[in-house]
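Input: structures, listed below.
Paired with chain B in one complex and with chain C in the other, chain A is shared by the two complexes that follow.
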Partner chain A sequence: MSAIQYIKDIFGAVKSLLIGMKQTGYYFTHHKEIITQNYPEEKPKLAERFRGEVVMTHDEKNEHKCTGCTACELACPNGTIKIVTKFEQTPEGKKKKAIDKFVYHLELCTMCNLCVAACPTDAIKMDQAFEHSVFDRSQLTKVLNKPGSKVMEGVE
Partner chain B sequence: MWSLGNITQSVDAWLNEAFSPAIALLIEFVIVGTMAISLFAILGLVLVMMERKVSAYMQIRLGPNRVGPKGMFQTFADTIKLLLKEGLTPTGSDKFLFNLAPVIAIISAMLLLAPIAFAKDFQMWDLNIGVLYVSAISSVAVISILMAGWSSNNKYSLLGAMRSGAQIVSYELSAGLSILAIVVLVGSLKMSDIVASQETGWWLFKGHIPALIAFVTFIIAATAETNRAPFDLAEAESELTAGFHTEYSGMRFALFFLAEYVNIFIVCAIGATLFLGGWMPFHIGQLEAFNHVMDFIPSSLWFFGKTFFLIFVIMWFRWTFPRLRIDQLLNLEWKYLLPISMFNLLLATAIAIMGWHF
Partner chain C sequence: MLEEVSVIDQGDMIINIGPQHPSTHGVLQLVVTLNGETIKKVEPHLGYIHRSIEKMCESLSYRQFIYVTSRMDYLSSHINNHGCALCVEKGLQIELPERAKVIRVLMDELTRIASHELWWGAMAMDLGAFTPFFLAFRERETITDIMEDTCGARLTMNYIVPGGVMADLHPDFQRKVKAFIKLFREKADQYNELVTGNIIFQSRMKNVGILSKEDAISYGCTGPTARGSGVNCDIRKLYPYEIYDKLKFDEILETGCDSFSRYLVRVKEMYQSISIIEQLIDNIPEGDFQAKTKAVLKLPKGEFYTRVETARGELGVYIVSEGGTTPYRIKFRSPGFSNLSALNHMAKGGKIGDLVAMMGTLDLVIPDIDR
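Take a look at the complex of A and B:
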């Protein structure tokens, strides 16, 4: 290491440190915008692809698109979804399989999105709700299909 | 006009009138001790709050804002939490040393308060080797860190303590040499002499280049000696969990934490005394009118203003620079700071002998 290089190193180091300090000093003296969000007071701006929980979409006639094919149940890596099926009587007198309960264990879910990807009829999707804390663990086990809902016409 | 010096003198006169000299001295000891402890408590609360607010502002955040107005009582809440927590002693630890270490940390910090001149005629002990005393006592702090790391019986604690030992021992050299540059210019180790010599201007301005270089090396060495980022390898929360105080909890952890912040205050107070004139107002040479205006600001305000400015600079370092590796840390000391400060001491000596300073 030559003497000139040594002195150059010192001045280069001091200069780069001062550039860093100038930046933080600028932030310190210009305290107007903040990059954090005041969560309980303001609604947080969530990222577009943020995943909070699985929901089943229902239209205004209280109809969903789930056929009870259990593709999501098979796709789930940790047994979060349990589908209970029942047989319904169609007007022609045929028996038809339909879902009775779409049980979703939020406490087990890792928000991996595999169930949504596996669904052939796009019946379920990821919602952005994230305030899930409850006082009892049993409240985290949810039934996703609304009471009295039935499968949409033409969805097989 | 009242000042802290006048108050202490009148209290001293009154005590000597009312009691016999021995009892008066005893009462004064108690008063001074109480004031030192309350200064510790206030410093802990204020500096932690300041650190959190400064860091938040530098990172474009808000910082603590829940407890009290603008979150100003957050540190009170934290202190109460620490007081109520269980102080755990691990089973495999050396119990005596484990419990002794935080006490030594706080005692070494407390001893360092003695020679600091807080205001005009307001000093606990103006001993004739004040600067030497400070550099001697500040190296006791490393014993408490090594003791804590060793007695915890935890590999992370021991690693942190060993790093801290290497760091403090090596940075003490450049801190000592940069202090010596000023001592050479003043010609005295006594704190009151050092402050008095800056009546015509602070050493940072009077001492030309050597004082400037000494100031920069002193600030770097002080940051390293107080184990703060970018030299916080001893704690390194992201790699060693918390270094030497990993196993400490409750009030014993709080004592380490308090000692760290009080040490920051003390090194900044020493720096302010040596380079920025301590309680001495800002004077320019023989400009009588200007000097007189500056004298109206109380000396205690000058002292605390300068000290807190230096504390702010050290906090600025912490929230700007990334942490150094251990080899980079030792390279910086042995290959750069030490040769520079040795050369600087020579330069300061030459200037002092030739009388080139103002």
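Take a look at the complex of A and C:
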């Protein structure tokens, strides 16, 4: 390697480093662009389709749309959902199948959305809640249908 | 190709890198035999996060097993799901709506950019530069936001189902993707100024970790690792799936065979992915996003194999069906495993200080290797 090439290489190297330092200098002087969120103080704005947990929608009359067809239970890959059914007496005296408990194990759930996609009556949906930490594991097993709730009329 | 087993001489030193080491990007243990600073042998030890995903998939139905594959190569989880869905569709002979195909390709390319960006940041951090890591994550955040809007999750999306995609695109999708393309074009030049042209970076990458074309083929390397050695192996070009045969993009080939070539391939691939997205984003056809499928999927008796190009290389999905609702056997040919096998060959004769740089250019995701 000739001496001229050697000196050329040194200047080339210094130039490349200075070009890189230009970026560093830019961010040093333009530090107003804040991209972080102050999470615990500010609640993050989540996307409307964000999958946080499975919930069952109830209307103001405390009625849901779940018929207890167990399509979600079969669609779930992890055994997250267990549906306990019972037989209800209709006013005409017939026996009708209805859900007793919609048990949802949050600790097993991977938020894959397959149960919501499988539901024929749109009874369940994904909710945005994401702060799921609890002190006891048993609190993660939830019953999704509210006490005293019943199936909406006309939903088969 | 069989390697001669090196006998440990007197004065040789055996060093464990990992399993808990920041540079291995996961729980990978490398047993390195050193003579002074020179590497004599690198022996990767696997299995620290083996979760038997293949076996798990065999007990799940054809709709359910796809979500598990997001956990293999979590940085290109979308493309993993895509490969599995393609295999099931091949067995069931489902014809997809045009809109579903375009959405899938768009999401695949966004995932590829996100994965390459994260790799770029981690690669620079392996060589001691810390700023690029934050810059890469900042830009990747834009993509994860787009994913979150449409798919509902940021990393393990589970958006692709047999027969199409799970939900329609978010109304904001096109606007956000266009904003991202604009942002990316601005920032990518900054990236190149900051890292690619840097003399320290170049001297540490050039002529390091040589993997010749013949060796890349014989070790079964795919993806950017092999394309950095001039091997023609882009599945999107060789065995086009979905609509890739109608798109205009180049297969990036570099013939330097060293770490820097592999770096350049990935950086240039990001531009190609951007060009694919630009071609599609204004031409998303109207129509259904999902084909009509039966409630319970049953593949006919037989064997099915499909392959897709993930951000790391070729992912092969092989399903053996006995006609039931669950697969009899599933095998994934993951790109990371084959790429890692070339590490010993690349590192032999090199210096210990360059080992991390070589490993970085392989773009390893450890769950993809162990599965």
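The working rule: the second predicted complex is superposed on the first by the 132 of 156 C-alpha atoms of A that agree within 3 Å, B and C clash if a C-alpha of one lies under 4 Å from a C-alpha of the other, contacts with A are read in each partner's own complex, and residues count from 1 in each chain.
By our rule, contacts are C-beta pairs under 8 Å (C-beta built on N, C-alpha and C of every residue); 3 or more make two chains touch, one makes a residue touch a chain.
Being a predicted model, the structure only gives us computed values, none of them experimental.
After overlaying the two complexes on the shared chain, residue contacts for A:117 are found with chain C alone; chain B is out of touch. In the superposed model, A:17 lies in contact with both chain B and chain C. When the two complexes are overlaid on their common chain A, residue A:25 makes contact with chain B while staying clear of chain C. For chain A, the partner that touches more of its residues is C, with chain B and chain C as the two candidates. Look at A:38: by the touch rule set out above, it reaches chain B but stays clear of chain C. Shared-chain residue A:50: touches chain C; no touch with chain B.
When both complexes are aligned on chain A by C-alpha atoms, chain A residues 17, 20, 23-24, 27, 35 touch chain B in the first and chain C in the second.
Residues of chain A that touch chain C in their complex: 12-13, 16-17, 19-20, 22-24, 27, 35, 46-51, 75-77, 110-114, 117, 126. Of all the residues in chain B, the ones that touch chain A in their complex are 54, 57-62, 316-317, 319-321, 336, 340.
Across the interface of their complex, chain A is touched by residues 60, 63-65, 67-68, 131, 138, 141, 145, 148-153, 156, 158, 161, 166-167, 170, 190, 193-195, 197-200, 202 of chain C. Those residues of chain A that touch chain B in the shared complex are 10, 17, 20-21, 23-25, 27-28, 31, 33-36, 38.
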